[in-house]
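Before I ask anything, let me first share the structure, which is written out below as structure tokens.
Chains: A, B, C, D, E and F, in written order; residue numbering restarts at 1 for each.
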């Protein structure tokens, strides 16, 4: 818990009030879902929601002016509430608790940002927002991995949402799938399910904003809500050392941030999650946790531009 | 203090002689200004000048040939002296000591390279070089932050130089200003002061060399000396983990190095500083300190090309 | 030795069988050459072959489909054997042991991948493969350094292969040579020997695949076998913190991986080595060792595309 | 996976054969129970059995001569088998798997050493050995904490064994209970259950061997088997940095080792576990994992002296 | 900011209420004095008060029963308030702010515990408590160093209190003074001032409790208030890696804790400070900060026994 | 290279002049022997002499007064010279260079302190001092290991000195030999050679000073010079994390320091070495290197007391 300088001219982000402190609609809602017992290998993703909240204080909610592109944009006026953490979000009951917390947040906010936690959180984060709209919903993942394994773990959320919950694979887009990080069997499963797979190398050939636009079109084709799953391990391992499965060769921090902002600016994106950051395994400089915090702020930037 | 192999065919850089060991004009002068008590939050930037000097020994003062662009260029013949460190450069007296040390170095050398230290060193580094030329001087910062705060700290040097010392904001250019790292109030202050702000994202659209050329034109419009402030936190946090405030999403090491070389090749750039590297917070591989040392060498490369 | 989850649908790479377990031709052979006493400065490169073998288990031997470029490609069917480590590969006798081990592997496999160890391993790795073909052989290095020093160390393999072993400098290409990491004397030596030097900055102007194609043409001009020396310190220090001499400003992990795949797809490339990764100096997240493991897999991808 | 020198005169410990490789009775059996999902807070204790096995290779199974006390004692002749790890030892089914694995090992060996894992492993480790002898069994813990919480976690094994499984609190001894690491409620519970509590400070007044003799007498009073639970967090935090809950002020490594040897030399001690070492949180020098490995060897030394 | 399990039977320490939340006398008061600009060398002691407060949550305010010595003792009923941090406690004004904050706390509480911060905090912490009683006050330091330097820094508080503030050296006792950590000149100064110096080696010959009793007698001889300065660097460097100047060969954590408890049980000890812990330089396991937190709890234990 | 405060009243140790700067006899001589290629496993002991020299600057050459035992003792007046490092002290030639450097130092100084380097340095350090007196010389080791292996490495110096150089095993004493760190074969070899072995546990029963007195008597029985080999891995792993083979359960820093001082106070001890500290593997707080530096100062304290 670092001591931070106080300057009234430099309001810090984070420390969002609870939902009862704000009346009416919210622009965005924060929810913590600290899943970790669901991880295939031991890790400390359960510590991450608290760490991201603390990291938010290091930043301001302000977009600077960019010559010829936009003026400065103060996001401090956005109505953002923090709904707290889902208690022990593991097992059927725990997952239900998480889903209910998200549902409550989604009821009030244009965008729910769920702070993970391992990738198992995607299921309650998406379902809590979608409610009965699973039949029209869409899913976009920024992830090096398919997450199509059997069972209920941090390696299976996409399969669970499609096979168990009935989301159409035709409205699922996976951006950043990496070589040597997936198997033939799961790639075949992705194809069978009709998932659109955008390989990490395609991101070398096309700008992220263009790729995301395509993904939003596919995921939104049903006219339902879109959930964005931001698995930070899509980033290069030097950028995301705190993600157990990030790969040398992944994308840059600025690319991830641009992707999140682009997605969050689309009105159909009703929820997103930030997954697989293990705050206890981060580099001492905390760069992965800080990147996760910046993704929250990029989400706010997106919402502000709607 | 690492043991380094000795090879007469591979002369190491660093270990520059004191000013008395060289007669006549100098191409460049090194000055240490280990400011740290001026930091908004505790840190070890005071250890950095010594660390950078040690890191210089890991490198040679040699630019290799680049096919179709240039032949090799041995910088070993440059006349470079090390003026040592300003003693306890804090408070009014300390700052005066630092300014005087820089002034002595600037009197003899084409370029003064001031090794910080936190960003408070920019004030004595610039003023020591400019002497009475504040009215025509220009300032270029490579920095994620505006540094326009009130008071005298590592968050205020640009404001101090403009408001307290009379440098025209019209000849100040800030390159690399980052989202979420500045506030609306200080962005407004930058605009009011007439500062040219080049957003970090603009560096994705234009080559650094072109941006720097524009900056040099603006900063040099008064015909006076230009000071370059290299706040290494403009780099991505994976590249500059040793900078307390570097942000995930910043520029690459090669971009910073190219910027420094380009600036230092301009004859009006009479001084520069390297700021905000905390040697005690660096990654164990010392990459931030090594990048600072490479910035010294890039500065020499620039001088050699004048 | 991390515990890794077991999933029959996600077969792990690594744990290749010994050569006796496979009959007939091999697609690739792994050989460990843990040189470390030959380093100019103390380090733990001798620990790296074991570390890379362990890291391989974290990955699958599968290339995912890339829309419009290729289908998925399961490399699991490749015939790969692990010939184990050369025992104490230092001194004349140790180097001979390493050379013989490589020769045995090269006799059976289309490509020998030698896991270092410091860069001294390049000599036995290349000679073991080339046998009597030194007169027509070619060498490509991915390296920030010329490695043309006198004597027998990790700083001299290229000079030794040319001057002591008779490889023509005209068929030697060095990719990624960095400023401030080499001296005028050795740059001159490279020129005298007729080596083609491709500066690190040229890699900013041309795609890696195109550069490698040129290098393969030059190195293969004699019609003999080509050895690829992958000194991971050609990468940026944030990407390769485990390489003692990696430089801030080097290439990205994806660039190194692309270079290795491109080279390994050429049938004349009969051997390669992965050098200068010190597993004991790596970042806690193991990113440099993992990158080395990915280079092994990229080599398999190249072989599979022949 | 460190490379270790090979010397036939210095046989390494560890790498024990599987149970099928040895006929007849065993002196000791190793069992891994990598519990981690049962931890109150996220951690990597699941990685520890593999790490301890690797660390064992760093040591020899040899007690040196101690003048006037004993001759040297080669433990290499002991018959020790490694029964492998219990698969996913969480939940009712997982715990049953672990208990069965232990039972099989206890059937053959004089002493079962269970490698944890978090402290939840004590339940299956003890029950697997005790079989139907719960009514006469005894339990000794070396632990800073009471572990008498409600529920089934790493904070509850002692309560579970007493309340759920019927072990008499009168035959439970807890050695090393620390100030500020337990609550009034659980201290009261310990008293109500009739547990003998030996405060950490008592270990400053009496030799460990004497304390352990008393504990063995109490725990063995029913004539049944005694289980020893070695929670390494009884050690000082400088000694056991890899234990999440070790406290500054705990015991020394040599004290823990002496306690284990003394206990294991008692024929009624049929099983022990080593708990709460998180290999992923250890100091870089691996001292906590190495201490755990030495506890295995101390156990063998105890068995050899029976 | 670690996530900690919640258990109503295990109330966590820390999170003390502000002074306005409690009416009447307080048993103890916490005050943060985050001095760092006063350090002789750069460091992060300014981060420590917040870190200690967070670490307190890891412990309970409960002393367990120790057979034959005492029953359990729940300290949770003590009336403890947290007066917050002194703002920027540097320079004359800052020191006055700190002194006033302490004075307010001392007015209400039997014992003020000041959390540093570097050792410069001892001056305001002692003076704030003593008020006009400097003429009768006494000082006990647990410190490897004399802290008798000239000027106003973390190396001078003892000299300042004696020479500038008029405390009699005859009532100053320094416990734990280490070889090679002090100079002849300052040892002579200690002797001239009449300070009682207890060498670190004397603590090998006499129990800490006995030494402290002597110290309390000497310091309390004037009948005035005694301030205890706990410079954690009196501990061995393995125990206190977070203290910049701790020495290999210092005392154990349990010795420091015993000393603090013994001192705090004396009614004349009206205030104490905990100094020289740099939370940013601590081992990753946080052992130095945790030791500091335990010293707070030992102080409460002492107060409870008055 | 840390920045250290300057205070004329607190003269720093280290930075000893070269031998030519002092005329006549020396009290002590420093020699660096940075052996590392001789290590059984890779490591950075070659970096340690420079690191120890730097660490010496953190300490003063002053023993404080200890009530009832001794007055303060300023060692600053001792005549100490630094003879620099032996160049590449590996192989026959390198070892001869080291031996000659030591011989030159021993010619002038009462005590030669050789800074290693791995334990292979003991051979040239002892032989260089002994010259033709091998027949009467004695050897005392503070070491967890016998170092009686075959060949020439850091595991063999004691065997080499006895078998190859003719030192009588009857005058060799080994203090601190640890369980599980030696093999039956080498323990038998020690017995056959007539070495006196003092087990680590004996140090729990007798004070170090008494043990050392016995050792000095045995080693000095021939009337010749005694060499003291200080392998820092005799210390507990928490105390000496920078020693690759230190064991949890070893001695404390103060015990090692006391042993060195006691030995160095004996006039027959003409030389000593400090071995097996790997500065590159030390804890971030540098405690192992600092302990090595303190051993140098303890040696000076011993010499001063002769």
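Quick note on the criterion: a contact is a pair of C-beta atoms (placed from the backbone, for glycine too) under 8 Å apart; a residue touches a chain by one contact, two chains touch by 3 or more.
Everything quoted here is computed from the prediction, not taken from an experiment.
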Set of chains whose contacts include both subunit E and subunit A: B, D
Shortest chain-hopping distance from subunit C out to subunit F: 1
Selected pair, greater C-beta contact count between A-D and D-E: D-E
Copy pair subunit A, subunit B: interface residue numbering same or different (half cut): different
Selected from A-E, B-E or A-B, interface repeating C-F by over half of its contact pairs: B-E
Centre distance in Å when subunit A and subunit C are each reduced to the mean of their C-alpha atoms: 37
Chain centre separation (subunit B, subunit D; CA means) in Å: 57
Rounded Å distance between subunit C and subunit D, as computed from the means of their C-alpha atoms: 45
Per-residue overlap in subunit E, given as positions that touch at least 2 other chains: 2-3, 41-42, 46-47, 236, 238, 281, 283-284
Complex contacts: residues of subunit A adjacent to subunit D: 36-37, 41-47, 280-281
Subunit A-facing residues of subunit B, complex: 40-42, 149-150, 155, 177-188, 191, 197-199, 201-202, 204, 236-238, 241-242, 245-250, 281, 283
Of subunit C, residues touching subunit A in the complex: 2-5, 7, 9-11, 13, 59-67, 69, 72, 74, 76, 236, 238-239, 252-254, 257, 283-285, 287, 290-291, 294, 297, 301
Residues of subunit E that touch subunit A when the two form their complex: 1-3, 34, 46-47, 49-51, 53-54, 284
